[in-house]
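Dropping the structures in below, format is structure tokens.
What follows is a pair of complexes built around chain A, which joins chain B in one and chain C in the other.
Coming up: the complex of A and B.
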């Protein structure tokens, strides 16, 4: 299981016993001349916490709305739990949504909000009461059943929206930036709570967010989207360590980029000549074919760099800026060729700090410098 | 900026409180003195509106005996209730359509639906009369109701539309997402949320219908006088104190409705 997650493998490969609960095949959505989503192919598995991550306007919310049934794809088919849902209205789909604005019914109290879906499904009497109470307990709303939404805080309304969707035991729960309106502290608490909740109920979550930290914290797998296209689908660690494109590298976390020309390739090891004549030892993706002479980028995470001269790549540099951030200190250094790079250093005991203007050398290993095609 | 605003408040502070009170008093006098005079003379035992002949409720008894007035009142009530119900239903649906959907001819419909609200009543009245005569509809209660529905629809539409525009669309999507079909979504979510505006539109429609004179004058046939027409025909022969009594009853009824209505609304908003 663990291995399966850390390795990116072809979706729905034979022998993969996990069943796809949502299959998006060749989905394109156009609004007039504007293409919101283009040729999207995704399989989302049972019990998975799956995130659609990307900047605003990347098509993630449109994708979610197509699964929910609020939009119909222009091309392609959506299958939910083995059933093609083309033309099926939202009220017949086995999915429920938590909306960005919560969309809690203001004229109904908490109980009636949560009971809304069950009542539509014909659940009555004791069973209705029991299931609503259970759902309220699950999201810690017990005792507030008689309250009107206007008397609830944002976080509590959020929980009502969650309980209202989960109580129907959907095959898939769709969440559209549900934590976007909460303040930071509350949001971080809710992230952990949501993740725990998802593991408890075992329902597949499809989570839309533009916040990469949020996606990394909660997801089993993440699809990074940009301009209507999926850039990469992978688990958080792979996405962070082995981004496939410059976009993903830039979007997730902070990344130092150097540009250069490939000199020699040997297996996954690559030697490059960077601007200013520096040699850079780096690695490429297993399956990436790379020829000498190719113009490429090298990506290095700030926390993989260190001060000193131990490493495959060592350069003289000068400290330009120092930002103290509590747990760590962020340094901006300038290499001799003028390239600016970020570097994090833990503020552990015994670590000497530097000041702006100090002449130092920085180093990192070939294994931590990933070549990305331009 | 702050200097300016403080100098304004200082100059406002220089206006003596007494002067402000006097101004407000004058305003109220201007608005309510005629009504007070009318109410006062409805209890006058004399027939005159110039001399006080002592307290009496004889005009109220006369009002209750006056079959013409009672019939006219009854007709106004029928016209008001029926035309309000029809106009509110159509106006609400029109508001939803205009606020929600794009359809062919929308901009034309959008710009023409409100024409009735700015058209001089006399023009509307004459055109309706010409229309009914042209299509051979006999004038009577039916034509009055049709006319009132016609001029009330835009008012209801305006009031309800503003509420629909302010409604969070995702509330209806949430209802659908939770398994409610279109009708169920409308009845359980949309309608309850726009209901205050629907009621406000209906009250406005009823008020406009109940006191309409000009349009009704043209489309009412013989023997279908509504209350305003009846009062007008009475006043033509000199102001009868019965009219004062009738007006007093209407004023009190309106005040009770407004008071109770606002209390109910305030409680609902607070809940």
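Coming up: the complex of A and C.
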């Protein structure tokens, strides 16, 4: 059942053939000796909310800048809307960018900021006024058209940057950590708003972020990057439930890791021997070949574990630390072999809590423990 | 709370400002008032000064000879400012967008002329431009001219000397405003479809206006009062207000007329600056 749910979701417009609007083929970018992006291959489809997710320095912003035209790839080709854009300056590319620093023009008021791109494109008079007003309405800036950016809050400047880009109706909107500078509450509101906006205008969004929660909330698909390479491209649920590598498993959410040796393989079912002789029942990716004797890791999400002795994997453990977090309580438990694991328990009514030092047993199902190669 | 404090006066603030108030009062305001008083005085027969209310000094300026000098002064000062801007802007732009290490070294080169006296540097130009100087030798060597040409003691020589002297005063404020320029604004402009030309005229240049205004004022005011350069490179034909005032004070010993000339120059410059800032400035200065 879980496999059903985690299959790639169809896009918002069913029936339509998925057309790649941005194609990155064999992209490598070097700055001197430093390789920022290595052999990147990605297709981003029309109408998609696509995120590039990774820690700082993983090459996600460089990738975005190459699509925008601020950097040229050292190797490989970029195609936007069927056209190779090699050597094409940013002002000829059918994309617009929302910059991390907003880069709102301080000498122009809101109206002139939003009208900047349209005026370059030769839009004038009534149409110019109408489209700027529409764009301002869309991001809730109505009535602020005459204000200078210095008189706007961070969130409002953010909206100006957004309206200024969207008003040109680009084929692709590039967003470089646009919510990074906003406080948490405002950021969460803007995430939903951005997602709604994207669904309304139907423009492809390519969104760069280091915040995995943000990427999971908004994206249709996410490319997780590390050290210039794409680790995995998948929809949020697949990324969370079926990470391909230890890096992805660690980067997205919290993950418990056990190491062990493969004892037997039967289809996707694997039995492992972990430290202290514990037997662990787990599953592997459909296409992963695994031989007995291989040294592997088993990944289990904290919320998939429970107290008690019902499950494929049951172990005696001792509670080491209890952190009350409101909705749930986070327990740090230590298995008999000395492995420390994290476990979440919902603070629903009638759920008994534990205290540090309690002897308990923890359990989880084989289907929730994914084998990852070391 | 801090904001309220910043707006009001406090004994501590007054204390901190008292040295500079005293200094400016003693060395700026007092001499200025003295000049105002002198400008209505009468020159004594042996160069003394009789105070009074004599408006003749001002009436004397209506003499076409003096009006011509005032006009020439303003033209040379305006041309100096424009040439400094046209030459200085690309230089400041070039330096401001280098890497940090290059920037600091290049701006140091711009400031190097300040290490020697202006008079010495202008004398160097006398040597270069004179009939038997380096410039004439070079022109003849390259076959551009057959014999020595008259380069020195012309309005052009004065203009050249002035631009040379005041260029750093234009470059430094321009550099300061361009150096702090957020490069992502240029990228945003290009991203929105503006090519380099439009990006410069719609974004970079308007945002460097504070530097343009500061540089223009820093060049225009001293250029209008300049007397060393026209004296050494201009000869008798290119007298400027500065020379005239100097002559009245030191040669003619007519301090009253010299003071009146100084006041006229100061008022004309003040009006010009106010007009300039009103015209170019106000809305563009309001950036931060």
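Assume the second predicted complex is superposed on the first by the 359 of 374 C-alpha atoms of A that agree within 3 Å, B and C clash if a C-alpha of one lies under 4 Å from a C-alpha of the other, contacts with A are read in each partner's own complex, and residues count from 1 in each chain.
To be clear about the criterion, a residue touches a chain if its C-beta (ideal position, glycine included) is under 8 Å from a C-beta of that chain, and two chains touch if they have at least 3 such contacts.
Because the structure is a prediction, the values reported are computed rather than measured.
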Problem - Superposed partners chain B and chain C on chain A - clash or fit - result: clash
Practice task
Considering only the touch criterion stated at the top, classify A:31 as touching first (chain B), second (chain C), both, or neither.
Solution key: neither
Practice task
Scan A:89 for contacts with chain B and chain C and give back first, second, both or neither.
Solution key: both
Handout entry: Touching partner for A:121 - first (chain B), second (chain C), both, neither
Key = both
Exercise for the section: Considering only the touch criterion stated at the top, classify A:168 as touching first (chain B), second (chain C), both, or neither. Expected result: both
Problem - chain C-contacting residues of chain A that also contact chain B - result: 68-70, 89-91, 95-97, 99, 101, 103-107, 116-117, 120-121, 148, 164-165, 168
Handout entry: chain A residues within the chain B interface of the complex
Key = 68-70, 89-91, 95-97, 99-101, 103-107, 116-117, 120-121, 148, 164-165, 168
Completion exercise
In their shared complex, chain A is touched by residues of chain B numbered 168, 170-171, 173-181, 184, 188-189, 192-193, 271
Exercise for the section: Give every residue of chain C touching chain A within the complex, in rising order. Expected result: 182, 184-185, 187-195, 198, 202-203, 206-207, 209, 284, 286-288
Exercise for the section: Name, in rising order, each residue of chain A that touches chain C in their complex. Expected result: 68-70, 89-91, 95-97, 99, 101, 103-107, 116-117, 120-121, 148, 150, 164-165, 168
